[in-house]
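Please see the structure below; I have some questions.
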Amino acid sequence: MIAVLKGGTTAAQKENLIKWLSAQGLTVHVSEGAYKTVLGLVGDTSKIDMDLLAGLEIVDQVTRISEPFKSANRKFHPDDTVVTAKDAKIGGGNFGLIAGPCSVESEEQICTIAAAVKAAGATFLRGGAFKPRTSPYDFQGMGAEGIELLLKAKAATGLPIVTEIMSISHLDLFADVDVIQVGARNMQNFELLKQLGKCDKPILLKRGMSATLKEMLMSAEYIMAGGNEQVILCERGIRSFDPYTRNVLDLAAVPLLKELSHLPVVVDPSHATGAARLVRPMALAAAASGADGLMIEVHNDPMHALCDGAQSVTPDQFAEIAKAVATVRTAL
Amino acid sequence: MIAVLKGGTTAAQKENLIKWLSAQGLTVHVSEGAYKTVLGLVGDTSKIDMDLLAGLEIVDQVTRISEPFKSANRKFHPDDTVVTAKDAKIGGGNFGLIAGPCSVESEEQICTIAAAVKAAGATFLRGGAFKPRTSPYDFQGMGAEGIELLLKAKAATGLPIVTEIMSISHLDLFADVDVIQVGARNMQNFELLKQLGKCDKPILLKRGMSATLKEMLMSAEYIMAGGNEQVILCERGIRSFDPYTRNVLDLAAVPLLKELSHLPVVVDPSHATGAARLVRPMALAAAASGADGLMIEVHNDPMHALCDGAQSVTPDQFAEIAKAVATVRTAL
Amino acid sequence: MIAVLKGGTTAAQKENLIKWLSAQGLTVHVSEGAYKTVLGLVGDTSKIDMDLLAGLEIVDQVTRISEPFKSANRKFHPDDTVVTAKDAKIGGGNFGLIAGPCSVESEEQICTIAAAVKAAGATFLRGGAFKPRTSPYDFQGMGAEGIELLLKAKAATGLPIVTEIMSISHLDLFADVDVIQVGARNMQNFELLKQLGKCDKPILLKRGMSATLKEMLMSAEYIMAGGNEQVILCERGIRSFDPYTRNVLDLAAVPLLKELSHLPVVVDPSHATGAARLVRPMALAAAASGADGLMIEVHNDPMHALCDGAQSVTPDQFAEIAKAVATVRTAL
Amino acid sequence: MIAVLKGGTTAAQKENLIKWLSAQGLTVHVSEGAYKTVLGLVGDTSKIDMDLLAGLEIVDQVTRISEPFKSANRKFHPDDTVVTAKDAKIGGGNFGLIAGPCSVESEEQICTIAAAVKAAGATFLRGGAFKPRTSPYDFQGMGAEGIELLLKAKAATGLPIVTEIMSISHLDLFADVDVIQVGARNMQNFELLKQLGKCDKPILLKRGMSATLKEMLMSAEYIMAGGNEQVILCERGIRSFDPYTRNVLDLAAVPLLKELSHLPVVVDPSHATGAARLVRPMALAAAASGADGLMIEVHNDPMHALCDGAQSVTPDQFAEIAKAVATVRTAL
């Protein structure tokens, strides 16, 4: 960490600050410039409150020179992490294709879609049982029953299942779930993350609506610090100013996250765009950008879907997209 | 709700859609324009998925004409809600001054600050026991012990206390807390909101980092739908593109929220700006904009504060700010 | 256009408004709902000030149901526009590969790079002569001399050239330039756009830093309204909150712009990311998303480039990218 | 400027970089840490391309420790600049009240409003003659004739006039204009700024839609570098994600700009919010935050205003706002 002191700082003030920093176990290198003094802080700076330091009268600027995440950091773990669930793998060259409806609605619905997406090449089945809806008056998912139905679809197809958790109090219901999803709205629900860190299942962590890449990696770190290193990162669009799409899909996040971290990165073009007709071009773009997988909403009857029908593709459309994605991946 | 159909929609397609809408209990008014057809949907449109409708091939545009929030809506509750905690009130002309440290650190610290802010005119004491920190390696708060210390400060000063909850599993510890705070990162932790809806304490709901005003009101609605109508809304800055301040304080949210809703609106200039020297001008601006209260971080030794010291003011500075705020409020 | 009136509007107020709207040449369809009245406005609504209408006491909401752009609108011009410059084409299935240095620095530099990018498959040479720099103290480009050198490179390679205009007073210098670029900062310099609308050269219009897609199309409309229909749209990243990249490349803009408009859409991954190592994945993603072309910064000595070296790739890297892009395009 | 080199940088690479930096006239201080090397660069770093340096393979991070603006910098000019136009002053304790219609529409309109706002305490008359409209089909202002009418209103009331320039080719028409306004869309029209830097009139510079404070100050610097130091900065709202208001008024920009620069800072609550009913609370908040002035749209018949009627207040409302603002300023 580097702290730049303002011109006009007195010797006593400098000494005082250096004493305080040293008291926190840091070695301080001082280099005097023409107008400013630069302090180089060596040691465990992760405990220093950067904002506090930056807020001191005599301090002009503070810069952290090492990333605050460790377990998720590629520097300390150069090889790609491969996340495994049943026979399916994501990361390290394994491409994960996660597909299924926004919400589980009935046994017939989920089993039909599961069979269709499996036939089209999906390696995971997704489906919401607990749904985070902006309005308390909207359909909140089938809950425990939805998970039961997912397990039936899993039994029928052999596909590992991915579904979202909204409260740690529901964890028991997830005993046979293969991958637990943390939604964008809970990306910084730190108590939930801590508990999931103690569990032995892969976690699919979605990027918060306005989370920076570092914040996302710090949230992964919350899970990993508890001992669970099976984390999949998911870019799903960020909030921006143009009302024309629901979110802005930030595809540069794919190569950036893979550079910063060894964790696999998947992309959800359905939530990112909120529009079925944009799923294909954005799925292809994600594959071309180097993503380790895709998460796509598929519904056999989007017009009657209980939620997010607008962004679902049909099984036929999904099959075509899966084929085109494979073509792009083979080409590269 | 209004749906505009694309030019070229066939009579059969229109009929089909109208049948589907009617089946959901809506009355449909059709008005044919030169190029487009406009459907007016009357009835309980809160269950219609706007995005689904908008995503249909034949639909050009969908507009909701009634707000999706009810309990929080000023239309159905024209008078200001007054939230009461012990002797203190917020809303309906009552100005709430909430002050205290970011984190509780020790009995001496919290009691000293409590006495000081009370003397300066604070009507509530705030202090964090459970702290949502971006990094799992940062100080996470004193937890249960922190709440114990807050209760001592409450006993000593008589000030009602406001402190943040991060997990519903901690609720028992909040039995003697006067106002429960939901932080920005949990504004859409819907399971937490639902549980708080069943509790009989006022809830201070902070705006999410990139939450729209309607989303914030829908989150209030989650609490109110459970029966708890004592909700205080808190503007605390939104995320934007300029690295120069931590957040952008959106003061127009104050008159807008008060127009849309009868709930009281307070402003947190400390978190919004992240800089102690900006707290005064933004506190004054918030008061001038019509806020029902302020939430200000105060620390007797900001340099040694365990978190967010950079944005804390000293008790003396707070006293001066409180006086200036009172002057502005008297003038208006 | 649809205007929804608030509940409680009196008959006299309604009549008054309808009279005013009729006076502006519109036919008004009234449909009375249980709580609200909806007015459908038919006729030339492009002259109605939506904000004014929305701001009236009795009006709850106003929605425009037809896009405000005409010449750029695919509805009135279903076929793709193909922009031609010398032998090169962009749009309608023709992929344009625009490459070259950020700034022209010397004859040797521009001619060397031009030869290299041509050999690698570039169909246009780009190079800045007038440079929009945030600081007045930064290198502002070689100006007229820079254009001279571009023309030499054009003579040597046969590549049509693309270069940015910053003031209409420089137009004479662009007589032999093939495509005139309008930079992001000038996307709403309407006086410049109007003048370029009178000129007979293709215009490459970059998206403003925080321009919506509709605003971008309205800026294209300024050029087209003057008679110049040869406009190329360029997505180059939008401003967002994450300091980790310079901008967020919004690739969903590609299919969206192509749906809304018949104009060709190219992508600039160099400016969007500001980092040479991200150019390849984002170029591939852009190609996969359906872009009609790419604009890539290439420099033979990025370390000594006078501006934006950080985002330039070397000619060898460019050749590899061009090959990979062709592979993706062939695969799809 | 500080550059942090990555761990693993070889001695030869370091030497090479230091040689290159020295060749550009900088003195380089090297301090070796446990894992990283930090270079302190002393001298005229304003010519170093930070992005280029940051993009080098061996460089981890670059931080500028001195602001890139000079003439606008309070460090080198501690006293407030006072901008003078006729008898009116802004800055250094002088509060400027700029009021008038969005567009000049007729002699009667502008003279009536001018008289009314003068009576209410306005110190400047504003009015648009050249209007930057998103659509080429919208009213573009009366142009030269509009300026003539403004001059008549100036003659009648004695108020100095403020009006926007959209092209340097119109400069002759501004000979008797007192303050030239540069609109948000032209904040980075650098050629225009350079020309205005040679003129001897005050310039009111509006913040771009998504301009950072530093970018805004760099644009002021473009004007000042040309010799014209009479610049007024104007905060007018920035673009954000909530469709509920047109822009987000960033009032913390007021104390921040005044800390960074000696130039006066005014606030435009009309454009920032786009809604007449929000002008009063935001005008009061701006005054309380320490602004040096306000710019308010006033129209005697907002319903028939040719543009932006929705955000205009009536002369009576303006008089009441002016009084309340004075009360707040007196109180503080």
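Order as written gives the chain letters A, B, C and D; numbering starts at 1 within each chain.
As a convention for this text, contacts are C-beta pairs under 8 Å (C-beta built on N, C-alpha and C of every residue); 3 or more make two chains touch, one makes a residue touch a chain.
Computed from a prediction, not measured in an experiment: that's the story for all the values here.
When you average the Cα atoms of each chain and compare centres, the chain farthest from chain B turns out to be C.
Of the two chain pairs examined here, A-C and B-C, the one linked by more C-beta pairs in contact is A-C.
We define each chain's centre as the mean of its Cα atoms; on that basis chain A and chain C are separated by 31 Å.
A straight line joining the Cα centres of chain C and chain D is 25 Å long. Separation between the centroids of chain B and chain C, computed from CA atoms only, is 38 Å. Among all residues of chain D, those that touch two or more other chains are 210, 239-241, 243. The touch graph of the protein chains shown is complete. For chain C in complex with chain B, the residues that touch the partner chain are 2, 4, 29, 31, 33-36, 38, 40, 42, 60-61, 63, 65-66, 239-241, 243.
Those residues of chain D that touch chain B in the shared complex are 210, 212-214, 238, 240-245, 248-252, 254-256, 259, 272-273, 277-278, 281-282, 284-290, 324, 327-328, 330-332. Against chain D, the residues of chain C that register as touching in their complex are 20, 46-47, 49, 51-56, 68-69, 132-138, 166-169, 185-186, 188-192, 194, 208-210, 215, 218, 221-222, 225, 239, 246, 274-276, 302-303, 305-311.
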